[in-house]
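Going in written order, the chains are labelled A, B, C and D, and every chain counts its residues from 1.
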């Protein structure tokens, strides 16, 4: 297996250098906390419910590239594929807090859960109201009766978009939390991997796949999926992913959904658009209406090749927040 | 060299299926012409100067993903890495024309030039005013005294953004052409490749690089660059690219620029942000002010790994058009 | 070995040419991989598949229109530089055949000459820049010289000249197209478009030799 | 072989432990590559490098604070699951040492027990789920049983029990953490965090045996 080939300086410093570059790429819209790997909006209104996002680095532009107007107010950044430490989360939370409480929104992983929980306890000691909503969209990770055991993958993108909008418009933490819980209850994703990514500091690919193999349900750090298979056609892959997604919520005729196809890193947009074509044929056949589509590169796993498909069932309220304009390095909409 | 591993159906049908998927991903904002591989806005105002873009496919989201409000009005799509045929361009042009003439904006390649020229002659026979501006930003392709021999690479992105804005606001083809010529005179790019991409139908990588080699100045179809080198640090790569860019226009102290870093396909955003950090250090040292940054994936070369750096010198007029809101599948800004 | 071809035979020749280029897809792609972007073979295949379809769908009513139909198919199906160039070659080259119901040596030479002229104008390059022109220009000259010796001899002379032209492109440094930036690295490799010219003429030579 | 360690020796032991885990970065990373995301080694290295820095920058004034400083460094430098878990282990585990100026067998057993309790609470998992708990829990029990036999024997018993725990994780199917989705595919592989526990205890054993 060939060595991952990357243009880097010191592999031990990738996160620090990446964050510096990210702040500069934001043209003044965000800043880094002086002593912590956290990103905070510079244009935070004086009073709002705060939305803090975050997680391990290496998934750029998620999470720290999703800080901005109607998106996250701040992000706590861990090392590559490692949840941020409690002190980073704590300081980021203090920096975004505007007196109306803070929603923690992040993917459901043991590391993130524990580190964010420790920070939440520290903040509660300070008298700050913190609520936590964990994204659990990966249907490959656990059966439907154990959604609390599911990983957060590309559903993060719609979650941040919706909760970012809600946290701009709604006045109380209760209300923002309510919208976030509704959104997470209605979002489902599943991925497929074609080739592995690597962690810069180890220089090692996180898994191995034969030249003719794919893995359905691969997680966002190379965690095992549900099935390793021989390479098959785009239509066959789309059919399998959609079958697993649709039967899960389940999505049914008459539902309105948002559809997101996320590049895990090195897959071509051509492939994703070809897959999109098939997905739309299936949804049409099932009587499911697509309110909105997003096809692009948001939650990456370094140079992993593959993609995931996310469906979120919408009502008028979720549509409203999903369709709000938003601005951030990694995701902007008019 | 391992075989390119892609999730596709029939490799001969990639462009047709990609276009179907692309139209669906636009949620009604664009349509495909019934008999031609061309994309046209569905919400075109009744009267405006028309902007037609286009080129070979395989570079998604460019070009056909750049059709939308304040972006291209339509795009003519060729096969993978092959300029669109004149009849596609002709039909796309007819579909976007709103009585005020058409600007053709595309990258400077023999194939594009000839096919667009043939179409322009056909349109002139019909009495339609057509102007052509070719993007020639790749400093690796020819020395400064022969800019007309230079290839168009990621400068396309800023060109479409600016000319798309100008074509929405300005009333005459003359004026839009003037802005486009000013913009192209002020934009410079250079790329670096780390690994090759492949054409789906041939399944062959378009060039070979040793495991420890990079190529500075690689073109957007794998055309040779200016130097093949041993892998070096991100800072050293940035230094070399910037040296070649800055000395070319030349950019000098006091200039205000837009800075765009474009992923050729499989490079991580982490790498690009680390490079961005160094580029900003250099620009700061040179007294060049960055008005606006863009770091992302827009002009790809299938699964090629590498990136390019684009600088555009701005005046107030160019800033105005660059900063306008815009909406398209591949590029949106609030 | 007939000295001239009628409409039916001319059309059959174009069919044979099409199939023969399609058969060589990989050769052309590999040539383009070496100094271009690796799509010349599949581009020419698209064009000549289109030509076959067109000739079958609407059997041409004149030799001029048979050549033009091939050019139109290439122009609209191949894309890229080759689509414009080879499309132009056949479309413009068809014009001197207007009103003629047999293809003879003189008509064939006129086809190449007129096509070449249009191609030179369209592409803005001259001989020596390592393009298909370096195969088609010597072919046109050779055809003119032998145009009095009957169609088979004319075509054979053109084919032979084009092959020499292909060889000659190996010693040229590309100054246009995708190979341009290779500079000296393009030395030793033949030009893909020139190879296409030689394949087309070779197929015509084989056909006229047997017809 | 001293039966107890004073503050200086305890601090030296923690330095030795840190260096020893740092030395095993690749072993831990490879273990995590097999069933996790491949970052456990570099995470533990970050944490224990931070511990060394902290112990050097602010020499601790009590055994309790020495253990706490290590935990705090791990908590803020390691990140991920291991940062929270091993940070909690050392920070919570330091509490029973409050006011004691020597580390003895009983104190060591209390360190493991109290740390374990906090880790169980923090992580919400129990024995048998293929985590570091399957190394630390038997170690704590073994330490308690031998706690009357002097520090070296207590630590040795804990280290041996943790190694058996690592072995036992090979036969467990992960039901938590990144390895969970592997299901049966996790069989045969030891848990990376459990290996870390055994490395830490082994380094303590070697140190106390010589001290």
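As a working rule, a contact is a pair of C-beta atoms (placed from the backbone, for glycine too) under 8 Å apart; a residue touches a chain by one contact, two chains touch by 3 or more.
It should be emphasised that the depicted structure is a prediction, and the values quoted were computed from it without experimental measurement.
One simple way to say how far apart two chains are is to compare their mean CA positions; for subunit A and subunit B this gives 28 Å. Look at where the CA atoms of subunit B average out and do the same for subunit C: the two points lie 32 Å apart.
Note: centroid distance subunit A to subunit C, computed from Cα atoms, is 54 Å.
Across the assembly, subunit A contributes no residue in contact with two or more other chains. For subunit D, residues touching at least two other chains: there are none.
Shown here, the protein chains touch in a chain-like sequence that does not close on itself. Chains that are in contact with each other form these pairs: A-B, A-D, B-C. Every residue of subunit A that touches subunit B in the complex is listed here, in rising order: 2-3, 5-9, 14, 17-22, 24-27, 57-58, 60-61, 65, 69, 192, 194-195, 200, 211, 214, 231, 233-235, 237, 263, 265-277, 280, 290-297, 300, 302-303, 305, 307, 325-327, 329-330, 332-334. Against subunit A, the residues of subunit D that register as touching in their complex are 29, 33, 36-39, 41-43, 46, 75-85, 88, 122-123, 176-183, 185.
Subunit A makes touch with subunit D in their complex at residues 56, 78-88, 109-111, 114-115, 117-118, 140-142, 149, 151, 199, 201-202, 204, 206-207, 217, 219, 221-226.
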